[in-house]
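Following this line, the structures themselves.
Two complexes follow with chain A in common, the first pairing it with chain B and the second with chain C.
Entry: the complex of A and B
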């Protein structure tokens, strides 16, 4: 198994501080990047590590860098969350190298769907929507601890 | 649908008020409107492409609508919206911010029961239940919803006014080495570490330790 320590409360606090601001920049109610059509909560436990690693890579590579705002407070919170994600992704990467974080078909399919949702929007809208859904990821991670 | 020109001011402060995941939509009447305003309510599951009308909250003149049943799946997030009508005119639809039942609910204090011997008191704590549609429905404790749920317990010696604080994860606590024949008052709070959620403290439960044998 792959055990990774992370400052969940710190990430959660950072997101809570900017949640209303970020979500108000996403006018699209009818589309979700992470939770539809397939919910993260339906992912098998054996696939959880892999999809977590894929999602942290997704946020580092495709989300945070496209979420600059005109608000310096918000930008600081985003970069603090991004730094936490970077360190967790590195640890998860080590698990993958040691074959403790295997990717099954389900997580591959699920992640494909997430990328398809993301690519269905222009980059800035997709990145901002993904950032606004961070609590969906955190809720799922806490529940499946 | 018979709506004429929508020039009515909008309902204000449309928001969810949630306690133990009983999720009630509240709003304020449009500015400057007295009696006679009626409202319609609709809601949407975030990420799903349709708004759903709430029949029980159609043409109502109160300024709240219980959407607990419609928002009971706390793995989803929601929006709700309200429209006002008066004398044939109407307002725009006014929406809530995105509502996440898991992080946006408030939690009631735990139930506290206390018993004593001559030199100790035993405390049993019970977390509140998640809102449910009917008494027959299976109860879900908030302990099941929040794996990181803990209790903060305060014990006060009424005579010396000395107070102890304990933070525990399981729901029982025995406080030893107390004074016989003394009144101790217990109060407890729920603390969820992440997402950060704190209940208020329960009212005090006082008990007297037995006299020395």
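Entry: the complex of A and C
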């Protein structure tokens, strides 16, 4: 398993400060990027390290850059979260290499589903929805610590 | 009109996870020069086309200091820049040389006050901010090999450390720890107090 010291509290505080603003920009309430069709909680513990790294890469590579807003406060908080994700992803990557975290079939399938959900929407809507679901990821990470 | 010179001597002061950008003033006789500050994290450099993010609290400010703590909120490499503004004219940007990572902040030992309240050994620690925990070591004088430890996640008021033996002397020291950067300060100077002597009444 990957025990990565990360300032969850800082990421959580940054997200909480903009959660309402971001979620108000997501008109499609019937769809979920992270939880459709199955919740993250179904992922086996042996797959957790790999899918966490994949999800952090997903947010860094695909999500944050499409979330720029007209609101300076929101942009600063997104920058804070994005830079924290970058720092954590680096540690997760090192951890995966050291522990040779294997990506099981289940987590690979789960991550493919998340990408399919994401690509099913136009990029800005998908990015905003993914950012608005950040607490789903944070909750899952804290529960599975 | 003559180009406004860029601010000089730009530098970052960082102590106990509080970070400030400072620069030398741009002097224009009879005019009030203002300044604007922007920051760029590693994410902006690598994934957002090298974009910069303004800091509204330090936009068009006359100060030559900007509190950047709120924006330096990840353990990655940041760059900062500042420019002078006078009316419609703007100076070139002055950008920090190299990068700044909050992991390099200087950490000072905590300020503490040790109290003996009868037989109770108490300690009071000055608040250092949300990122800080404290490691408190305490021992009975003369029994340095039997040091005890208490880790305080956050600073509340007075903390009870131990119940002391009558008349004995106890010593305490503490260090600050920041989990986000996985570093600790040096220890504070040791402080010792003596427990109240035994005042049990003898009935004759």
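Just so we're on the same page, the second predicted complex is superposed on the first by the 143 of 145 C-alpha atoms of A that agree within 3 Å, B and C clash if a C-alpha of one lies under 4 Å from a C-alpha of the other, contacts with A are read in each partner's own complex, and residues count from 1 in each chain.
Keep this in mind: contacts are C-beta pairs under 8 Å (C-beta built on N, C-alpha and C of every residue); 3 or more make two chains touch, one makes a residue touch a chain.
Just so it is clear, the structure is predicted and the values come from calculations on it, not from any experiment.
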Simultaneous placement of chain C and chain B on chain A, clash or fit: fit
First, second, both or neither for A:103, with chain B first and chain C second: neither
Which of chain B and chain C A:83 touches, first, second, both or neither: second
Partner chain in contact with A:115 - chain B first, chain C second, else both or neither: neither
Touched partner set for A:29, first chain B, second chain C, both or neither: first
Touched partner set for A:17, first chain B, second chain C, both or neither: neither
Partner chain in contact with A:65 - chain B first, chain C second, else both or neither: second
First (chain B), second (chain C), both or neither touched by A:136: first
First, second, both or neither for A:75, with chain B first and chain C second: second
Smallest separation of CA atoms, chain C relative to chain B, angstrom: 5
Common interface residues of chain A - those touching chain B in one complex and chain C in the other: 9
Chain A-touching residues of chain B, taken from the complex the two chains share: 44, 46-50, 75-77, 79, 97-98, 100, 102-103, 147-148, 193-196
Chain A-facing residues of chain C, complex: 39, 41-44, 46-48, 53-56, 70-71, 73-76, 78, 130-131, 179-180, 182
Interfacial residue positions of chain A with respect to chain C in the complex: 5, 7, 9-10, 14, 60-61, 64-65, 68, 72-73, 75-76, 79-80, 82-87
Touching residues (chain side chain A, partner chain B) in the complex: 8-9, 12-13, 16, 20, 23-24, 29-32, 35-36, 39, 41, 132, 135-136, 138-140, 142-143, 145
